[in-house]
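Attaching a single structure in structure tokens format; questions to follow.
Labels run A, B, C and D following the written order; every chain starts at residue 1.
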Amino acid sequence: MPQIDLNGIFPPITTPFIDDKVAYDKLASNIEKYGQTGLRGFVVLGSNGEYVSLSEEEKRKVVETVIQAAPEHMSVIVGTGCESTRETIRLTADCAALGAHAALVVTPHYYGGKMTEAALIKHFSTVADQSPIPILLYNVPVYSHVNLTVNVVAPLSRHPNIIGIKDSTGNVIQLGEFLNQVDDDFSLLVGTAGALFGALTLGCVGGVLALANVAPQNCVRIYELIQAGDFEAAKKLQLKMIPVNKAVTAIYGIAGLKAALDLLGYFGGEPRAPLLRSSDEEKSAIVEILKQADLFGG
Amino acid sequence: MPQIDLNGIFPPITTPFIDDKVAYDKLASNIEKYGQTGLRGFVVLGSNGEYVSLSEEEKRKVVETVIQAAPEHMSVIVGTGCESTRETIRLTADCAALGAHAALVVTPHYYGGKMTEAALIKHFSTVADQSPIPILLYNVPVYSHVNLTVNVVAPLSRHPNIIGIKDSTGNVIQLGEFLNQVDDDFSLLVGTAGALFGALTLGCVGGVLALANVAPQNCVRIYELIQAGDFEAAKKLQLKMIPVNKAVTAIYGIAGLKAALDLLGYFGGEPRAPLLRSSDEEKSAIVEILKQADLFGG
Amino acid sequence: MPQIDLNGIFPPITTPFIDDKVAYDKLASNIEKYGQTGLRGFVVLGSNGEYVSLSEEEKRKVVETVIQAAPEHMSVIVGTGCESTRETIRLTADCAALGAHAALVVTPHYYGGKMTEAALIKHFSTVADQSPIPILLYNVPVYSHVNLTVNVVAPLSRHPNIIGIKDSTGNVIQLGEFLNQVDDDFSLLVGTAGALFGALTLGCVGGVLALANVAPQNCVRIYELIQAGDFEAAKKLQLKMIPVNKAVTAIYGIAGLKAALDLLGYFGGEPRAPLLRSSDEEKSAIVEILKQADLFGG
Amino acid sequence: MPQIDLNGIFPPITTPFIDDKVAYDKLASNIEKYGQTGLRGFVVLGSNGEYVSLSEEEKRKVVETVIQAAPEHMSVIVGTGCESTRETIRLTADCAALGAHAALVVTPHYYGGKMTEAALIKHFSTVADQSPIPILLYNVPVYSHVNLTVNVVAPLSRHPNIIGIKDSTGNVIQLGEFLNQVDDDFSLLVGTAGALFGALTLGCVGGVLALANVAPQNCVRIYELIQAGDFEAAKKLQLKMIPVNKAVTAIYGIAGLKAALDLLGYFGGEPRAPLLRSSDEEKSAIVEILKQADLFGG
């Protein structure tokens, strides 16, 4: 089984559209720019990548594009979770064949009321049993309305082909429970920049952060400062990044994230409908927030 | 534009699996049996049809199968909602080409926090503009965590190609608001048998009911009694059906619904993973509930 | 044990304040006016009575005032639920001594996560055991965030001193479950006018309705029409009242309810802080809604 | 205005009952024992003190008892929040007269849907204007179902008589927002031990922790280790305490907290109904958890 280094910062990259079609060249050029930033790798087809709005064919071409464009030293983790175990296995196999280094599998959630601990453990185990590449669990209740508790995560952490979790709750109490009970070689990645400092100091090995799309160097810097033991500086930078993170996630969403990318030298573009484009007022607010956070370079 | 008669009872039919593969022949034979029950038509690829767990190819073949097997006099409504407007338009066109009479379009919901009234109105309008067949809105917050309020439904009801809504909340207060404000030729279908009597007496024209899979005649009977003005008998039958409805929805879910089908002469089978199969205890409980409700004929 | 007639419409009356002090004379004159409307009785110290904002002394004086002012033929039900069983018992005994005909006991809810079925059954049973007057359960999850399920209500319905429930969910599915399983002499009162028609046709014996404060005659008329079997006229009036009901509950709350009272010849006044007063815009909107519903007599 | 030192650990003390009556002597002896533990002071009449289940008279006597029993060097913060602004002002004045050093004011929450930012800002400002002692905001959505956002907390932090907040969400993202925007002399106290390490490293000055009732020395130790810059040891102790904290809060609640107190040399006793007592199985589980965490001393 190939090893993948999860220690560090991963952006869940956006999918660029032009006239509602995937702009693969823009995707490739974004990837190349990220190569200079100290990021450990990429998460492709995550929530910020609008994976739910892509056709199967588009998903494959996005993965291919990223794998070709990504620098040698960077890992490519692909979101392959579908509602059914069967479809998840199939998409994971396909993405492995395309060269993905690991698969990020979101909790099935449409039938959330029936996603009992037993159902979730069986789902993830079965996928991991059959996957040619390592599996990361993906816990994102803000979208899925299902929370992966320690009762699910702890036993799954002992599966040889499940190597970690991206937890987007930002809930340090739950992260503490995970740390207490998961297998030693199971890695915790925090899934929201708002809790990056708290998660890394507690024991997470890295982060998959929407913010890392627009402020990769600052995210990497927080990670490095904590590695170096300079908590005070890390905390200061963490607090400075909070308004930016809130803008490109909770407040303005993916449309806002893309608007910020356009302002910062990457290709952002517009989200795919039904997500609405940012209004001019929203774009102005985003400019101001990026300015306040000193993200407009020199 | 072809007209479709929505007055009456529609089961959101289940998708039979054998060894995790769609059993199209079992599907066809179920459809034929339903032809004798007084049902107005079928809803295919709804939540009870596990549409989220099917591949695109399977979806098409399911639709084809039902359209071929369905008696002339019965309508076939197909669930075609996807997360993106684009994919919804594409799948709707495909199902129209296969012969579907109308499309049932669920609210996009993964990015629920951004599904503002404006976003939802734009999504459904765009789909309806481009659909060759009439559109029904599908409001099912128990799965989607998004509610279609009257502020969304009222303007959409005036779109010439949006002919109705399936509302699965069972919330008669909200149904009353809809009735007050929707266009005259916009039809309300209630989406849960627990509220069938209340919804029909208030002004809904019919129902799309999980219960109609297992107790089609009783659902049709409630409808007919209310049409005939015999509210007392309708209410009595409604109350008798409540435990069955709860069993095949909230308590035992789709696995329970399928177990009940197997007991009642239809093909049920097992749900697709990650949904778990009913345990033996659950199956025994279901037998008892069906017995209490006099559903074992003879 | 004195009998109380629950068949009909009860307003959960508001508590008038002048300069933040209870205006007992205004309360009495409201009560007298309601005497001419066909209402069956009053609910005092309910949620619309701002019971949580009154001191113990004020509560007692409010009850005294209403009991003195109420016409002989009308019942007075008093909200006596407190967080602890002990305090509930004490306040119930006090209100019984003041002449209350029955007590409406809200679910304890601060420790909602621990309000298991066992805890709730024990609480209500203990209160009922010790109460000199009959007890009505009060289910109002919009405020309490705890739902009384049929598993709690059915066994409690068999307690000789628990005579009914006010259910404010407006959920006809749940009301159906209650009707199926409660004791024969246990009465269901619906707690929201939005579901009045649906609840009464299903089998509720009456309603405790915020709307009955501002439109008592119309609420009584819906009740009487259904008693007389004229469902069509009842439904029409129900639908006409929906916007008024929504205005004086969900949209504008108690402040709006009081503003409407002032417009309709009762004393409304302002709510007690922290509830904010209605703005002028809100008051204008309320005028318009009352006008549309033909509530300005003449 | 007297100054109060908020830097450190405060237990929200329990209220002992014997035969459902407050055992003031047991309360006093618990207070005396806590005097030896390094705690900064006490929070009286908080959620763990079952304040919602006490009569007004009991509340006063509890405050009196604690103030008399508390060592000179320890602060006494009293929970004085009521649903109405008026009652909160009155109870705060009374507790100030009894010698309380500060008041902890929970968000009004019964009419949660109307607790807009404007309503909350007005409520807390009015209380603070009139209080003879400093005010702490109390944010505890798990009980109140209302969250105090930064939009409310930031302006209130500039009120001269509002000195801090107890935030029980354990949400480090929100704590970060508070830190970014509150007044310089406004203190943040974390309200759940599960997030103690994360909150203190981020910039909270202390904690009000249910866990500090049963493991005061360990909570103080975590605080001191972080003060001393020994994050590694602090983190280790934090993780060790997580199962204990979860047991005496989310899992077994106040009944479990009291059972643990009885096991550890304090007086716990039983909670007041409707809270149920711990079962024998629960008590055995608690023994095991305390043992695992080395809380049984020598």
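Following the convention adopted for this analysis, a contact is a pair of C-beta atoms (placed from the backbone, for glycine too) under 8 Å apart; a residue touches a chain by one contact, two chains touch by 3 or more.
Just so we're clear, the structure is a prediction, and the values are computed from it rather than from any experiment.
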item	value
Centroid-based (C-alpha) most distant chain relative to chain C	A
Contact-richer chain pair (by C-beta pairs counted) among A-B and B-C	A-B
Distance from the mean Cα position of chain C to that of chain A, given in whole angstrom	49
CA centroid of chain B to CA centroid of chain C, Å	36
Contacts with two or more other chains, residues of chain A listed in rising order	none
Contact graph of the chains (line, ring, star, complete, other)	ring
Chains that touch, pairwise	A-B, A-D, B-C, C-D
For the chain D and chain C complex, residues of the former touching the latter	20, 47, 50, 52-56, 83-87, 90, 108, 110-116, 118-120, 122-123, 126, 142-143, 145, 250, 253-255, 272-276
Residue ranges of chain C touching chain B (in the complex, touch as defined)	170-173, 176-177, 179-180, 192, 194-195, 197-198, 201-203, 231, 235, 238-239, 242-243, 246
